[in-house]
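Heads up, the next two complexes both have subunit A, just with different partners, subunit B and then subunit C.
Let's turn to the complex of A and B:
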């Protein structure tokens, strides 16, 4: 079943665009040591100098190489997004499967918690935490994941409930398969498309959050990030080096979010039969 | 319907509100030792000894969570040492601007997205539709930070058509008409940024659900009865497309808040977002806490109101409950 879907996915132009962008970013990050020789924290260059053969995007106000900063920031932003999305997916899948399989008190309790969490604006909790504790980005990513798993859990739970009534699950149970075996061998792989959709949409949200929060200055100022670069470059918008300083992080961020959005849209289109004809 | 299973109870909202209040009560008390001194030593605000004592007293009140709740409902949310004003009055002064900007952007983007989505679904096929959907999908991928900075650079700094910051011209004694125009002129750039961020999602969702709805048999009946097309389109078909739109709004409101925060900060619009940004920059803890709490509760309230709207929109819900 999944193989046929995969073939349809590859033919989808949105998926292709997203995948190309993703490989581009992966290449940029993997090739970082060869693309730039500078340490993004190195402050010994001529401040505010325009792009040159040595400094591809020039030097910022603090005397740091902008290209090196950009790559480092891109990596940090992406790492935050992927981590938050991954952990959120893990929580969501675990909770959703457990709820649908075991039902009863666990289901009621977890779903109630999910509803409460979905009503709370995650960004406000993050701001509160960041303002009081100044935690590491790792911790904030985990908090974000802990606040955003419910929407994944709800989707997984609903789909598991559908699958649970199917014949092959009943047959497996008849043959004496344990709950754990059925969960691991039947349900987990069958829900695979939902993991992709959930992961892509959470990654998009988390990248957007990271960029916004770092733009607002909630992370450690020493940590490079696309949002922080934008907020620093904005202060010097009137200099004519804005196109080499302000524009690259904006483009990078937009392309990054676009890449994840395209992947999410395409996955949803191909995997969700209800939407098949709508798009 | 899947949309129905996403409805929450009033109890969930009350629990969420209590949880937010409790988190806001607990967090500062979890911090070790003399965090007031430590925090304000790295801030631009300098406290004198008396203020420092006051702030410490504010954070170490011994009357427990109940007392904290009581204080909260009495609007005594502490004193901002950066702005030298009570937190509640600062928040209430900034609130109208945020409501104007965010409310306006949401209202317009929803209306425009809805109508555009319905009309596009009605006239299916053709390159115009494909191009429109493609463009909207691309636009959906551009964050507010990107559009905002570009609009700011082009229209405010390069062309100079619109002001780059603020919500009105300061100290200008103008006639009421001029004043309204002035406010609108300041509003247009942040408004457009938010509009561009919200419109694509509303459009795509309305179009998607409309395409599904247009296949239903009851529309054939409506048409066969000889109802005018406009009536079939909106009174019969589009009404159903409104439901997922309302659901999505509720689900994404908390997330969209982040974007609005960035946009307000970017255009220095004097709403809650900019206030929060300044409070963070100056490490003005009572103010940060006040804004976070206030806006979270506001979001919960809006969501609760949406539930009522939803029940009104969908008569099935009334019978189900």
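Let's turn to the complex of A and C:
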């Protein structure tokens, strides 16, 4: 069955669009040294100059190359999103598996903690922490991950409980399989769609969160980010350079979120229609 | 007259080797008893009969002793035998009709021994001959015919009359029913019983196990000239002790057996004795078994050890090491190092509760190696629970489990994998029992990987291929890469069976393995499982709600009712002549009749028999207490008022 899934994925237009965008972003980031020779923090250019052959998207008010800034910001935003989503997935899968496998007190405790965390709005916590402690983006990403793992854990736990009762796992146990074997050969591959969906949804949320926080200026001003670029460009929207300064980060952010969303939607669609409600 | 045969060996000389037809056979024939001699062709049955009659060919060398009323016959000249033959010991020869003289009338041929041996007048001899014909329910007028004018059955009876004509004290009957129709066979049985009542000692040489079981008192099982088992005839089908006897019984198409015919793996035709010249000039006797597989040239079987071990499914290394004497096991005598068919699994008073529901209540079950035990019963009666406890998957709340003589509880605690290796499990739904992410190769290899038996990938693949070949599936690389959804249910269930068998287990627990298959695929899978049982000697615990399947494959059946095993016994008996009313209504239900429920009551019986509310024979006592199972012969029934 899982082989058919691959074929169905490739035929899905949502997946194709998402994948094309993903490759585009990956290319932009990977080819950064060749695409632009400028340091995004270099302030020696003529401020507010329009796009030219040298500066593809012009220069901003601080005398920095906008294209170089855009690529750097894109990288930072994406890194934050992926890190937060990755750590959240790790926590979620770990907690979900542990709860379903061991049940008992651990299950009760972790699930109650998860419910408490799900009730707390993550944005509020992040804004408060960023405003008061000025932590590093890495720390903020981890905090975000710590706040968002419960939904993944819940889904993983539920699915693991279902799988645990499956006959093929019972059969493997009868053959004398260790828990590690069942985890490795039966459970983890079986949960694969849940990782994909969980990761994509968390990444989408984290990217948006990072853009919002930096738009509000809650990050270190020296750190390039798409949200920060948008907020800076907005101050000069009356100049005719808005299309080369404001539009690119907005487009980038939108496309990035679209890319992740499209991938998530198509994975959901393809893997299990019933899981849509769960996530 | 007593005939005591001691250590009788007969060797036939051939060009460079000797054919060992009988190997130290001991036997006692007492008056008023029928002893049956049973075995495959070439086992030396006829040789034994002929040896007693002194009719062996010139080149036969006879060792040991045959005593007739303390008078030694072996080595005696022909004149001694002449005083014994016909008048004291007579023999009915196989295909004896050829020995009749075609140009003399039957009655004359019958009268001949009377005239020559007893010196009667011709008329008197004829009268007695006609009387003898009448005694065998033949029309005396038949006696005036020539042999070619009689049918096979009539001829056989004439020959029998001839064997009995001088009123010998002992008669050897060599395949008396081989070419007979059912009516004549029945008559032959009656004649034998009548002769026994008259105090004759009868030796019945036959491959008709049914006849032996019905007529004889004792049965001797002969294999390649050796007595493998001596057992009371009533135990021949239901309770043999030697694996060879069991296999013979399974191969015989008896009227009572509904089970598919089995067979015995491999083959053996005869034994030869060589005298190999050793390097130091000495001579070492050396025996071979000649068969199609173990050919004369390549199959050098060492002189010692059990003769049957190559074909025996429970043979162990020690079986090759030493000659085995006849051991006394109960009222049987068995030539088997392992004291007969070993017990594979014993469950003692196992019980299991799920929450407050008592799924299984103090149940005893014992499985002999190589048998198929079918558990039948309505759903929710605890069949699967019992099977899963037997398979070691489910721990019982109480009771003890022994597998191959070892207590299972410490075994599971300390070294579960070595136990899991010996027990294969086949589940009801093959699609659920395998991960859809596994290819055929991975599915079958899974137990090997889990139990870490095989190191190299090549060995693993070889074992997988072998297992797939056993279940008649393709071993092509393309097939090994297929996924479950690319296989049909029948093929997938076979893959599951291959997976259960790849570790070479001795017990196969199958929980409704064919209920998800259509009849034609089910037939193939069941046949294949029975074939595998013959080849590998698997013990099978087969859970099914299909009584037809149970009847077709089971050696024994157990009927479950609300967590109790209410009836166990040979499958043919339990499902043919049920003793428990519940079994009967199961059979009626399976036959499409309405189940008995005269009072139309529903509900649970807390203390007594759970069937009491639906039983037409139920009395108040049935609802008050549950009876302990009562054992009689091979059957156990737990009912206050058995049928």
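Throughout what follows, the second predicted complex is superposed on the first by the 273 of 279 C-alpha atoms of A that agree within 3 Å, B and C clash if a C-alpha of one lies under 4 Å from a C-alpha of the other, contacts with A are read in each partner's own complex, and residues count from 1 in each chain.
We adopt the following convention: a contact is a pair of C-beta atoms (placed from the backbone, for glycine too) under 8 Å apart; a residue touches a chain by one contact, two chains touch by 3 or more.
Quick caveat: nothing in here was measured; it's all calculated off a predicted structure.
Superposition of the two complexes onto subunit A shows subunit B and subunit C fitting side by side, with no clash.
When the two structures are aligned on the shared chain, A:31 is found in touch with neither subunit B nor subunit C.
By the touch criterion stated above, A:20 is placed in contact with neither subunit B nor subunit C. Residue contacts after overlaying the shared chain place A:265 against subunit B, while subunit C stays out of touching range. Rounded to the nearest 10, the angle at the Cα centre of subunit A between subunit B and subunit C in the chain-A superposition is 110°.
By the document's definition of touching, of the two partners only subunit C reaches A:168; subunit B does not.
Contacts of A:176 after superposition: subunit C is touched, whereas subunit B is not reached. Shared-chain residue A:218: touches subunit B; no touch with subunit C.
More subunit A residues lie in contact with B than with the other chain of the pair subunit B and subunit C. Superposed on chain A, the gap between subunit B and subunit C at their nearest CA atoms measures out to 22 angstrom in whole units. On the side of subunit A, the complex with subunit C involves touching residues 1-4, 166-168, 170-178, 181, 185-186, 189-190. Taken together, the subunit A residues at the contact with subunit B in this complex read 14, 112, 115-125, 127-133, 151, 154, 158, 205, 208-209, 211-213, 215-218, 227, 230, 234, 237-238, 242, 246, 250-251, 253-254, 257-262, 265, 274-275, 277-279. The residues of subunit C lying in touch with subunit A in their complex are 391-393, 416-417, 419-421, 423, 425, 427, 429, 432-437, 446-447, 450-451, 483, 485. For subunit B in complex with subunit A, the residues that touch the partner chain are 2, 5-6, 8-9, 12-13, 15-16, 19-20, 23-24, 27-28, 31, 35, 133, 137-138, 140-146, 149-150, 152-153, 157, 207-209, 211-212, 251, 253-255, 257-259, 261-262, 265-266, 276-277, 280-281, 283, 285, 288-289, 292-293, 295-296, 299-300, 303.
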